[in-house]
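Below you'll find a set of structures to go through.
Shared chain: subunit A. Partners: subunit B in the first complex, subunit C in the second.
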Partner chain A sequence: MNLAEGVQIVSGGILAVMMLATALGVVLLSNIVYSAFLLGGVFISISGLYILLNADFVAAAQILIYVGAVNVLILFAIMLVNKREDFKDIPGRWIRNLSTGVVCGGLFALLGTMILVTPWSINSTSPAVIENTIVEIGKHFFSDFLLPFELASVLLLMAMVGAIILARRDLIPEAMPREETITTSLTLPERPRELASLGGGSGEES
Partner chain B sequence: MQLQYFLVLAAALFCIGIYGLITSRNAVRVLMSIELMLNAVNLNLMGFSNFLDPTGIKGQVFTVFVITVAAAEAAVGLAIILAIYRNRETIDMEQFNLLKW
Partner chain C sequence: MNSGIDLQGSFIEALKELGLPSGVARAVWLPLPMLLMIIGATVGVLVVVWLERKISAAAQQRIGPEYAGPLGVLQPVADGIKLVFKEDVVTAKADRWLFTMGPVLVVVPVFLSYLIVPFGQNIVITDLNVGIFLWIALSSIAPIGLLMAGYASNNKYSLLGGLRAAAQSISYEIPLALSVLAIAMMSNSLSTVDIVQQQSGYGILGWNVWRQPVGFIIFWIAALAECERLPFDLPEAEEEIVAGYQTEYAGMKFALFYLGSYVNLVLSALVFAVLYLGGWEFIVPLDHVAEWLNMTGWVEVSTTTPWLQVITAALGITMTLLKAYFLVFLAILLRWTVPRVRIDQLLNLGWKFLLPVSLANLLITAALKLAFPVAFGG
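This part shows the complex of A and B:
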């Protein structure tokens, strides 16, 4: 990292405050759409922290995958389940919230003291920073991490197939002897949905 | 910039994620909290990779794998939420008690 020390500290502080504020907004705001957009803020500030940690490739991958794919996927899910419902009050719920807050604060205090007390064996000299992290990560991927790298592709394929099967409309046709529906090899075995009304009503189904 | 700074930051993010995971009632917000926790773990990995192992950056490789698994988890989780919503007509976590008793 060839930035000055002061610049690093100031930008790190700004990114940390931004990350914590947006994370609290994700958890505490009542509107779920605001939470989803603030989640993008969390991901972008974490990407900035990665750049401060000399990891440019992972920072770019963080923005591409999290902000570009996961956040958009969450927004699509919010649109698909867009049902403004008021949750019924449960008696004694504030006790649950309070106790969870106490437990999380205690966990944070425990982790903080552990981090600050432990003598980390860092060599105080400035570490030799790798110039080209992409080349180094590529070497790792194709030499000693080759098997996990290939398994990741299989995992992504399985996740894609599983997501499509789970989110498909009707897995089992309710009446097997249906009228003649032309099934080719390109159509999924699901019930053909009735046509959306051509005139007015739109966006009714789920 | 010290290692402890990033570790405390990741710990704070993880605790916020746990709080949201337990207390939120919207199922989509639970998934968002899981993403927060995974990002906290990634921040830990990157901090250790930069400060303790700066020449052979294995922490960044692990971070890429965690990002991959997180993307797959988000896709499957949202598909599960869609399926539950289609069956139960709600996304309230308090009413998802199909496997509870």
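This part shows the complex of A and C:
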């Protein structure tokens, strides 16, 4: 065993432990802010595992998309609405916990057997060592993975259009009665959104 | 020019001659470049802090630091020592763990990004395939640290600052990535070494500034916003929210934020120099100079002559640093002459102006690349 293999084994172990610990923390901690920060730790550990698998582009993309965008958005949402309310004890809480535990254990067992049963085609002596991963990924995107790639981009476009429709508040027709717009000192002056349905369909184009 | 100095190879050879096995020699070599880079980055920050104080003084017709060392060059060192020895205050109801982790998460990715900054053909820690993409990815971790610091301080101004930092960072990452993408498209690679090599051969005329006149302005604006420099220092706007996410920080933790912001500034300047100003390239192409020297017959040189290699490497490092510090000078001058934008102006500029313009720039670059493959890297 030379230096490189030793480093790989040790860092693989550290990353695996880190990923399991942070993932358990995400699920088990009661403070939702801690969970969100630990989720970032999970994503970073996964990215480290990708690097160990020689998938450098996927690792960087993982950090950029999951840590830099998804996790920041989750944190953003939590911090804008975080109210710190204490939940009351529900009677018979243990039944819920037990059933959740059973479902999760079942899923874990199912996935575990799936991994063990599937005949993975692992050959350590891969014939072609890929020099430039980006070029290979690009070639696959535009040949055999073209349909999933395009479908994913259409899905993202739909999500973006939907987000813009939800975020824009000026789709309400001007002619509607406006007596419901009550502004108090603590809320921003904003037209109520329920009026959009009263516009009789013509409001969408305005 | 292609070979350059192979420091790693010669160092390991030298250790092997001393009788060490090759594995040990390699392990001895491994931490050296990283250590050198961390020290270099920190010294670079000291220089920038001194420059900032001197230039701001000049802009306001003051003298600036004067007594600590000649021209006050030791002032940043004194500042640093003061911050190290200050008491480490954690606010009463702050979240102790997140409060400590915040500055760490801000500083570490910035230092990691120095992995890909090249100072010469072989004078780079790693020449990764994903190169410049790694820088963009790592710089997207910092807002999490800022949010963490803002939340853990248990202070509304800190929280506001953290949220502003995250919003600003997310908005300006997109124009930044799109302008880098235009460069990557022209260079056919994301590797920083390839990007510099694609600009070499014609001296100053071959630099990407001339081919990406819109791109470099977008990149510079977005990079300033990512570094939270004025005119975009909304997250720590002192007239509005005290000091943003750093309000409750003191001592070494504050020093980490301070260090991180300046390291990030130097890093952005270095990346700008690599992407648009030809990296380590001299104003005239050195290959042609060597050929011309050969033709005149004064001295026999080839690309493998040791003294020529040393001169080329030294010149490369000097040129990279000169370009980077010129950009740092511009940033400092901007900071002390331009007023701060409002938060709505900031977001409008990012989403409604920079994003469409950078998309158009990308499309035009693609079209030019198809039309004139000679000039735009076919």
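Note that the second predicted complex is superposed on the first by the 136 of 206 C-alpha atoms of A that agree within 3 Å, B and C clash if a C-alpha of one lies under 4 Å from a C-alpha of the other, contacts with A are read in each partner's own complex, and residues count from 1 in each chain.
Keep in mind that, in the parts below, a residue touches a chain if its C-beta (ideal position, glycine included) is under 8 Å from a C-beta of that chain, and two chains touch if they have at least 3 such contacts.
Just so we're clear, the structure is a prediction, and the values are computed from it rather than from any experiment.
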Clash-or-fit label for the pair subunit B, subunit C on subunit A: fit
Contacts of A:L146 with subunit B and subunit C, given as first, second, both or neither: neither
Which superposed partner A:V102 touches (first subunit B, second subunit C, both, neither): neither
Partner touching more residues of subunit A, whether subunit B or subunit C: B
Subunit B versus subunit C as contact partner of A:V161, first or second or both or neither: neither
Contacts of A:G112 with subunit B and subunit C, given as first, second, both or neither: first
Partner chain(s) touched by A:A61 [first = subunit B, second = subunit C, both, neither]: both
Contacts of A:V17 with subunit B and subunit C, given as first, second, both or neither: neither
Contacts of A:N2 with subunit B and subunit C, given as first, second, both or neither: second
Touching partner for A:L80 - first (subunit B), second (subunit C), both, neither: both
Subunit C versus subunit B - closest C-alpha approach in the superposed model, Å: 14
Overlap of subunit C and subunit B interfaces on subunit A (superposed complexes): 57, 61, 69, 73, 76, 80, 133
For the subunit B and subunit A complex, residues of the former touching the latter: 1, 3-9, 11-20, 22-29, 31-33, 35-36, 39, 42-43, 46-47, 49-52, 54-58, 60-61, 63-65, 67-76, 78-83, 85-86, 89-92, 94
Of subunit A, residues touching subunit B in the complex: 5, 8-9, 12, 16, 19-20, 23-24, 26-27, 32, 35-36, 39, 42-43, 46, 49-50, 52-55, 57-58, 61-62, 65-66, 69-70, 73-74, 76-78, 80-81, 83, 85, 87-88, 90, 96-97, 100-101, 104-105, 107-108, 111-112, 115-116, 120-122, 127-130, 133, 136-137, 140-141, 145, 148, 152, 155-156, 158-160, 162-164, 166-167, 169, 206
Subunit A residues within the subunit C interface of the complex: 2-3, 33-34, 37, 40, 44, 56-57, 60-61, 63-64, 67-69, 71-73, 75-76, 79-80, 131-134
Interfacial residue positions of subunit C with respect to subunit A in the complex: 23, 26-27, 98, 101, 128-130, 133-134, 136-138, 140-141, 143-144, 147-148, 150-151, 159, 162-163, 166-167, 169-170, 173, 190
